[in-house]
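This report concerns only the one structure given below.
First chain written, first letter: the chains are A, B, C, D and E, and each begins at residue 1.
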Amino acid sequence: MTSSARTMPLVHAVNVHKAFGRNEVLKGIDIDVDEGEVVCLLGPSGSGKTTFLRCINQLEDIQAGRIWVDGDLAGYTEKNGKLHRLKDKQVAAQRREIGMVFQRFNLFPHMTALENVMEAPVKVQGRKKAEVRAEALALLDTVGLSDKESAYPAQLSGGQQQRVAIARALAMKPKLMLFDEPTSALDPELVGEVLQVMRDLAAQGMTMIVVTHEMAFARDVADRVVFMDGGVVVEQGDPKTVINNPQHNRTKAFLSRLRSEHEQVAAAARDLVV
Amino acid sequence: MTSSARTMPLVHAVNVHKAFGRNEVLKGIDIDVDEGEVVCLLGPSGSGKTTFLRCINQLEDIQAGRIWVDGDLAGYTEKNGKLHRLKDKQVAAQRREIGMVFQRFNLFPHMTALENVMEAPVKVQGRKKAEVRAEALALLDTVGLSDKESAYPAQLSGGQQQRVAIARALAMKPKLMLFDEPTSALDPELVGEVLQVMRDLAAQGMTMIVVTHEMAFARDVADRVVFMDGGVVVEQGDPKTVINNPQHNRTKAFLSRLRSEHEQVAAAARDLVV
Amino acid sequence: ACGSDSLEDPGASGSSSSATESVDVKTDDELAAMVPAEIKEKGTISVGSDASYAPNEFLADDGKTVEGMDVDLFDAVATKLGLETKWSNGGFDTLIAGISSGKYDVSVSSFTINDERKKQVNMISYFDAGTQWVTTKGNPNKVDPDNACGMNIGVQKGTVQVDDLEARSKKCEEAGEEPIKSVVEQEQSKVTTSLASGKVDAMLADSPIALYAVKQQGDTLEALGDIYDSAPYGIVVPKDQTELADAIAEALKSIQEDGTYETILKNWGNESGAIDDFAVNP
Amino acid sequence: MEAVPVRHPGRWVAIAVLALVAAMIVSSFVTNERWDWPFAFRVMNFTPVLEGLIKGTILATIGSMIIGISLGVVVGIMRLSSNPVLRFVGLAYTWFFRGIPRLVLVFLFGSGIGYLYPRFDIGPFPFSQQLAGFLGLSSDLTIATLNVNDISSTLIWGIIAMGLSEAAYMAEIARAGILSVDDGQREAAAALGMSPSLSMRRVVLPQAMRVIIPPTGNETIAMVKDTSLLAYLPLGTELFFQAQAVSSRTLKVMPSLVAATMWYLVITTVLMIGQYYLERHFGRGYGATREQTTAHTKKNRILGKGA
Amino acid sequence: MEAVPVRHPGRWVAIAVLALVAAMIVSSFVTNERWDWPFAFRVMNFTPVLEGLIKGTILATIGSMIIGISLGVVVGIMRLSSNPVLRFVGLAYTWFFRGIPRLVLVFLFGSGIGYLYPRFDIGPFPFSQQLAGFLGLSSDLTIATLNVNDISSTLIWGIIAMGLSEAAYMAEIARAGILSVDDGQREAAAALGMSPSLSMRRVVLPQAMRVIIPPTGNETIAMVKDTSLLAYLPLGTELFFQAQAVSSRTLKVMPSLVAATMWYLVITTVLMIGQYYLERHFGRGYGATREQTTAHTKKNRILGKGA
């Protein structure tokens, strides 16, 4: 395994299948993400974007296919041509390499912002408190929350909560960050803060997979966009190419739907811009 | 009271003051809303928009000032020049005239969509089940959910949940509808559905007060926009005038902040429109 | 260090305990030879007792020591047999299980001998307890033990008096009168409380117990009629320990001969219950 | 995916040990004569025991749980009231009735009140009796006289005592349940014009039930056995009392207790089945009873539940 | 705003009635000699009673609640496990230990086991004794012999019995608490690389505490009084037993029970104060203990709590 690690992309998903009962949600997904790359996942509701992210982080079992993250097969080990399921502890170890930011933040409500960030490094990695504390404060600073360390999540706005969630994921120094519509639960005024943090992260070379509806972000920040529909990858490539010149009908239909929404906003915005 | 009811606007708020502890949130709000008028409340976060809506519906006590809805003084009755607080039952009766739609939907999770809509007419107004049922089905139909009557809230998307919430409020046949950022908890793809229902409602002549960040909606649908900041009404008037030619500095600052957000979207949208 | 060791009102003057005659018992080697080897080896015999039945057995002021007429009697028996006693307090139900499991060697706890019980264990008779009626001072409700039909009568659960009342009640019904309403309480002390409260018109209990209640609450209660229906109390020994049972019976005879038996009964005011015939499973 | 599952040797060892213990217990049940099963079954079918089961244990449990739950919900709501007097009364109630042992309460109801107050003179105002005595009047300041002893040993009286005690415990459970319901629900109900009490009945309590049911199951099952305290009323028509009566008459302690325990286990089984269905009912619309399907829960989250 | 508040005549009548009842009770306490307060206080201070309070009641409550809560949480987690065997074991445990009356359990622990199995031969496999008997061998298939009677009347043994029983109740309470925590919390913990057990300890249980504490308070307060069942072990160093011993010796039943009840009320007070602080602690970050400030709760909602 480790021998191929050098040549493999950071995320190497092959023919991933996932069904909930009879409902086949992923029907053979192949996606590679290189180190340092920022990939945006687009697609209509129900196309399986969230499910795919969750498969990478082993929050869902897959029925067929394989996913390698940083050269390690996710959730299994291969011995004598047979797959053996990993133990909970080994799965947990694999997840440590991956940071995930949920749509609904999922901060721990009984811990302050600082405690949220420190929890995993101290309790999972067993590092020293003082050292972690310094790092966590620095992280909170980078996401612009240096003054909120002792606030409980309930005392923070949505945008602040989402930034704490990002800091919490980063504190484990993951090789890969997964974002599942990180701004869609936020009021419009708060979206900007979170996108800015993600832009900075991308600029620092973090590998990221981002499910998003923020076209501006996809266009400006992504190295590649992947368009999914009905559980398959319909089309992928350079953001501008895919967004402006979609090749497939499904992509075109989806983009034109989004377009009509955006046109209205754009019209209003044009007025504003005067 | 009733003599002046004819001449009074539907909502007549005079010098409304509200403080939480020492934090003065509303510092003398005067707003009138005529029957059939659609008023949009704009303003930065923390300016008191939500608080004002809640005061109209008596979810908050006010410290000074008075609010009349449909000619009735909200929460009090005046006898011999003295204010007497109303009983719970009387307050409940006043609230029946007002429909409110919350940002986070607040559907009753243990009832189906149809039961959510039927609950208040049957239990509060004591009307016949069969009759209410027919009306409720018709309402669900107008909000485009005729096939979801027996779904529980947890089985509905956010946009669907918000539409059920609107139907639930409408079932009481209120004279006034209050909307508190009804689309800001929704994914962008789902916003359109809810805004369309609100447009239809406005077209039918419903009196509405809407707190929103959707400029396009404000511009197209509102008869008047009210801009609040720091607990006071800074400026109000025709939507296009206020949005395009704000007179006050605070309005200008707020709009220019929003503008920068919107410009990015607009840029992306322009690309899409090609 | 904290807490008080006495329940006496500190203001009240000295104790009023009536004079008791001390007993002095010596080991009888012949009898001691009858004791089964395993107990003899131990040198002590463990005794289980439900110490909530004053004055036969009850807890002393320290909340641990069991004392009473049964204790004095069996201590004398044990001394005759060359054994020390180790008294343990346990609920009535736990006593029999404790006997069968070997937790206790014997149990002395005012067990009335009956046939069903004799099937489970060996019982050595040592005292005759009759039934005594008690009512409130002056008998305001005019209770007549022989015609208590329709009255409320208190009794403790699991005693022979429950059956006694049932029989009397049946007689009432046969005579076309109202049955006796028996009020069965969990503990004797609660029966007495019921009587004092007027909840019941009278109570009946084993004679030592009934007389003790009268003595304790002399200003409110009085004995009614004579003791009747005497039935023997038995010391309980496991079914397979017949040797020990015989030894105990012999020792009882021996303390009767030297007068100790009489003295102890007199000390507790129970000389009327003395018997002559100490037998195993009479 | 076809794969070798993770082995949990520790878990299997634990299960094996448990199975072994179970086998040993069953083995001993079968082979140890001291259990005396035939006698235990006879005791179970003995008429006074059956009568005690139905007229005492089951009836008393139903009655006192009805009182306990309804009064408990009221007291629980009082503890959350904005009125400080009501809040204090609620607190005092839970304090007193949880503090006093049920045995003492039952005894007080049964004999104690009669002992302390052989006649219960209901005067026009408190202290009226004392006042009359003080003023040297004959105690004519009496409206009605209740002979406490007439009612003191009835089942209904015992049920009231147990119900009052239970209400104090149920109040805490109801309070925790009500606190677990989001405030937004109450506000949505208010905005629809519901009065506070209607909103409590139709909106808050049904949702609180998910949190209320399991501890209430505990309370009910505990109550089934606590009804044996009615013996202190005293009331003899009760399962455990009758089983003990058999045991002290025959000195066959173990099989008598086994007989009572068997009946308790039967009732517990029935109650636990009932609880399962109740939990399922009040879990509708939630992925609540997680045993049903974890998929369901996840879907809820994805579909925006909790928003 | 300056206004005449709403009058609640009904409420005030109710409060007045309650005050009246309270006054009557106090009046009777003061004036009825049968309560015999001086004697009750002497009983409260009586050395054996005090010893029973501390060595029996308080120690036994602490011990059995420690066992009950820890084991109960484990059993509660088992009931929510995805492994059907563990789930069944959890179910069987709650069934059996809630079904068997505590009195019987304590009795079984105290005398019953010794009665049924005077010597406890721990054989190499179950049925080994029976097998040996069947084969006509002397029963040498014995590894160790435990003399049950040596340990059967000790406090620790009673604590184990009560703890095992309590665990069944605590399991239900823990289960309800765990179910009340949003699944997103578990997933967030998993995504941070926490093992299931770490996530349970650090993330799920602390949040479940809000729902767990009030019914656990109930259980603890009930346990304080249930320790009186240790008398069936039999174990005499116990508050209630000693109070009853006084009552059966002196026949002063009422003041003895009052003395015990007074002590129970004192303990209940202390426990309720402790519970208040625990609830406050685990309510941190929530508007949980609503009494604190309703404003706080509302702010949470506005600020997006529950999202």
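Heads up, the rule we're going with is that a residue touches a chain if its C-beta (ideal position, glycine included) is under 8 Å from a C-beta of that chain, and two chains touch if they have at least 3 such contacts.
In this text, all values refer to a predicted model and were calculated from it rather than measured experimentally.
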Which chains contact both chain B and chain D?
A, E
Is it true that over half of the residue numbers where chain D touches chain E are used by both copies, so same, or is it different?
same
Can you name the chain that lies farthest from chain B, using the mean of each chain's Cα atoms as its centre?
C
Between chain C and chain E, what's the gap in Å when you average each chain's C-alpha atoms?
37
Separation of mean Cα positions, chain C and chain B [Å, integer]:
83
For chain B and chain E, what's the span in angstrom between their mean Cα positions?
49
Multi-partner residues of chain D (each touching 2 or more other chains):
34, 107, 112, 115-116, 182, 184, 253-254, 257, 287, 299, 301, 306-307
Do you know which chain B residues sit against two or more other chains?
88, 104, 157, 185
Residue list for chain C, restricted to those that touch at least two other chains
93-94, 97, 100, 190, 193
Taking the touch definition from the header, please name the shape of the chain graph: line, ring, star, complete or other.
other
Between which chains does touch occur?
A-B, A-D, A-E, B-D, B-E, C-D, C-E, D-E
The chain C residues in contact with chain D across the complex are 92-94, 96-97, 100, 114, 116-117, 120-121, 152, 157-158, 183-186, 190, 193-194, 196-199
Which stretch or stretches of chain A touch chain E in the complex?
57, 59, 88-89, 92-93, 95-96, 98-100, 102, 104-112, 119-120, 123-124, 152-158, 161, 168-169, 172, 185
Residue positions on chain E within touch of chain C in the complex are 38-39, 42-43, 45-52, 107, 110-112, 114-116, 118, 148-149, 152-153, 231-234, 236-237, 242, 244-251, 253-254
Sort out for me which residues of chain E touch chain A in the complex.
182, 184-185, 187-196, 198, 202-203, 206-207, 282, 284-287, 299-300, 303-305, 307
Quick check: in the complex, which residue numbers of chain D touch chain A?
1-6, 295, 299, 301-302, 306-307
